[in-house]
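Chain IDs A, B, C and D follow the sequence of writing; residue 1 opens each chain.
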């Protein structure tokens, strides 16, 4: 089952919908308190109902068009994640890329790559997250910015893997490259994070190891960069990442964990105002965001 | 003016109070919507009323005893900070301590020390914060933990310095020492952060550069470690920290920024279950927290 | 299926539970967002699951004792009803009683009895409702007060009959008797309304017309009044009451409608401080409330 | 001081503003938590600041035009009143009008007129209130509907008279006339209540007894009814109404009490779809609402 969240064109209310091809069936019209997948996920599990059964039951009534919602900018993050966390150095190519950024031999990236403990960091709160289709923003003090296309997992407070979505962990390579202690500044800023639009529910039957992640960056109508990676190159397990994230650290239902990137554009590439970033995982969906320069002035009050 | 937040013994409601010696005058009884200092701070500023005038006006009626509230465990963080951020390598001694933790020459701490950009990191959300008097908790997978006694500043969304409080940025030295990329895991965990109980309002007349911060760790009734530092050794300015924190990164009213530590116990010292940590800044107040081992099991659901 | 709401002795959190004999199975432990029956009712209906199926599925795990919860005063109203409405003159005996209160021939009660339009009035908001087991309160300016034992229906925003509970519409007979225009003052005051503790879910199989409502008022350990009425004497239909209540008047999910009383103590009877009122409907359950004098002073601020 | 509430054209956020002639100064821009007058009223009182002082201090910065806000339909009720209560038979003419509606000699209206206890009834919750400028709605099952133009008082939980506004207690005369027990149905329905747009703050200097209330009903561009009454004909006192309203009945801060009408159109007059109702009190302001037929279908779900 795939679900999305969107603002209904009729009344601007937030709804949860089931996605079938281009058809979107409103779950919220049938169960008003379900505007987010997590309460529904808990209910199905407790009631012993499979995602397929729920999907069959709830895919009724009038439906909206996904393409229309996308065109109208009405798609929302597929889950209200109170916090987004992220992981790094989880693919082999990622290590090489990061070593190039820093001057340190036997670098911190080399060491995390071989260590049992993964790299985990706080990426965003929900209000820093950009809805699918809306612009992510370049840090005003960085000259070297890249999207990080990532498979995201949605987790319950108890550590269950609820499902998958597509994420963009927009990052500043020069700020992080200057010093690993600047990682929070390279990662956390206004509109630095987007994920969605589709949540693919985990039924135990999916095979993420067979998925590919594709990144396409368009500039002035042509492809400025394209790359892909097989998720079979992922060097951690979801279970390990979840275990370390939750170790002595309570998380809330619906927390999103971005699992790291395996696609790194060449060193001379940096995002520019007006670019469009598309991240595609066949089994899940496409996340598309235009890129803008930050409009926050440093001196102007929020 | 000094304010605190506490749960009223009569009805367990959260209140904002003005602190005069041991007397606590309830602001909330007079203005029901003021259970947090930030709305009051905005109102006083807009109305052109000084903290001293407000204090004189509102210090009326029956009062509670601060010592009683403390003894009953009723003190709360002095501001509902949606996020707590922290800074590092802001005192000279801090750099030396960190270099000892890591094996890297020309270390990341050396480099941040001399750089224009400070180290800033996400420390906690409000629900990870421990109230004054309540126990902070040791990470279950760390063998080397220390309190970091810090002067905290409370900031408005627009970057105003609302006031100061006392903070404890409990940290794992071995996890951070293993790899700077593990800093979030060394810093962010359940009950790793406490601040308060007093908020000293910024009137422009305070001279933080003349303040001393004192750390005392008691174990089995005797002092296990004691140290102090003059805030004159602070090598950043509040304005610079706030500017970098807010650069392209919207924060909310009442955000707390811990400004880094200048007191580091000797390398052989680690906190133990049952210790009591006291952090004292004469002009502000005393923050006291006992220390406990984490009670979260890794395998048990939250 | 019968559900209750209660505050869990372990952590004081509000929970929804399924009641089997004395066993209470926490629904909230299994579906954290279900602390009220209405979201669960919507979900079951949309998923095509019967109450019996849900009950079988969710009646697992450790359970609490209803008798213990009752003894500890932890029972809550079985639904968070944003509004409680009530109806009058719905049983034949009720009309006679009301005529006795007033001096008017061809009284307003006679006329409503024979009219198509029922009497409906606003009874309480949720914060005026007393939890089962807790004291209802006598109006300080009334000398003639009675409980009105009533079958209550719980309604969805769309007018569905979700289920039944037991209610006490505490009323002042002298204030209403003085003038029908004083009805709101005779009916709406602090702690004038209680319902619960059990919600019996409507499955279409219940036969309310076969139910009896019994009222027992105990004073100083002996029965001061006892009466009963068969619901077969009810002269309106639920559908008609709901239709008039919702006519041009949007109500919210979980609205409670008290359906009027058919038991009226003799004219010389008035409730007294210390009385205990028990209302019993065999198929639903027992509502018990002690009676207190109001403690609100008229001149003291709330 | 006069305040209004409105939705800001720039971002659709709700704001509290001070009204000077046509100028609206945003209070909310200066004190973000003040989107309603009640928290501001509490603060001023506790700080010992007069309304005039606050007005002088806060009437700064850019301002909006009241006429523009009105034209754009952006005015809101001037206070978020959790409940609106109303009073009846408070003017001499009102009694006569009501007697005409009913067939009862020595009617209930006659009796309440001479009694110590006033008539008080629940009129609306905030979500049943229509914003100024927006249409009130005729009950679909009434053939005789009238506006009731009323001076409204805004009350604190403790019974303080915070200020005055203008109100329209839209009522069905035939439903109430059929039976006083139908009063709730004659009074409470969707969009049956409007008040505002101006809140005149009570400073103790106003003389309501010198005010006139004027009602004008326009139909097809001509005046269909016009009438006025002097508030000197009001036969109750605010203090008495507040005392009875709060007697054993806790109310919340910002409760609105409509004080009854003294203007009754002739018996042959009923409101019609498309009428425009204007109620004017010179010292306070003008409330204008068009009139519509209800669009709620009885059988369609809300």
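As a working rule, contacts are C-beta pairs under 8 Å (C-beta built on N, C-alpha and C of every residue); 3 or more make two chains touch, one makes a residue touch a chain.
Which chain is which protein? Per UniProt: A, B, C, D = Fumarylacetoacetate hydrolase family protein.
Note that the structure is predicted; figures quoted are calculated from it, not measured.
The chains that touch both chain A and chain D are B, C.
With centres set at the average Cα position, the gap from chain B to chain C is 50 Å.
One simple way to say how far apart two chains are is to compare their mean CA positions; for chain C and chain D this gives 32 Å. Residue positions of chain A with contacts to 2 or more other chains are absent. If you draw each protein chain as a dot and join the dots that touch, you get one closed loop, with every dot joined to exactly two others.
Inter-chain contacts occur between A-B, A-C, B-D, C-D.
Note for the complex: chain A touches chain B at residues 83, 88-89, 104, 108-109, 111-112, 115, 117, 119-122, 125, 127-128, 137, 139-141, 157-159, 175, 178-185, 188-190, 243-244, 246-251, 294, 296, 298, 301-302. On chain A, the positions that touch chain C within their shared complex are 27, 30-34, 39-40, 42-44, 46-49, 54, 57-58, 253.
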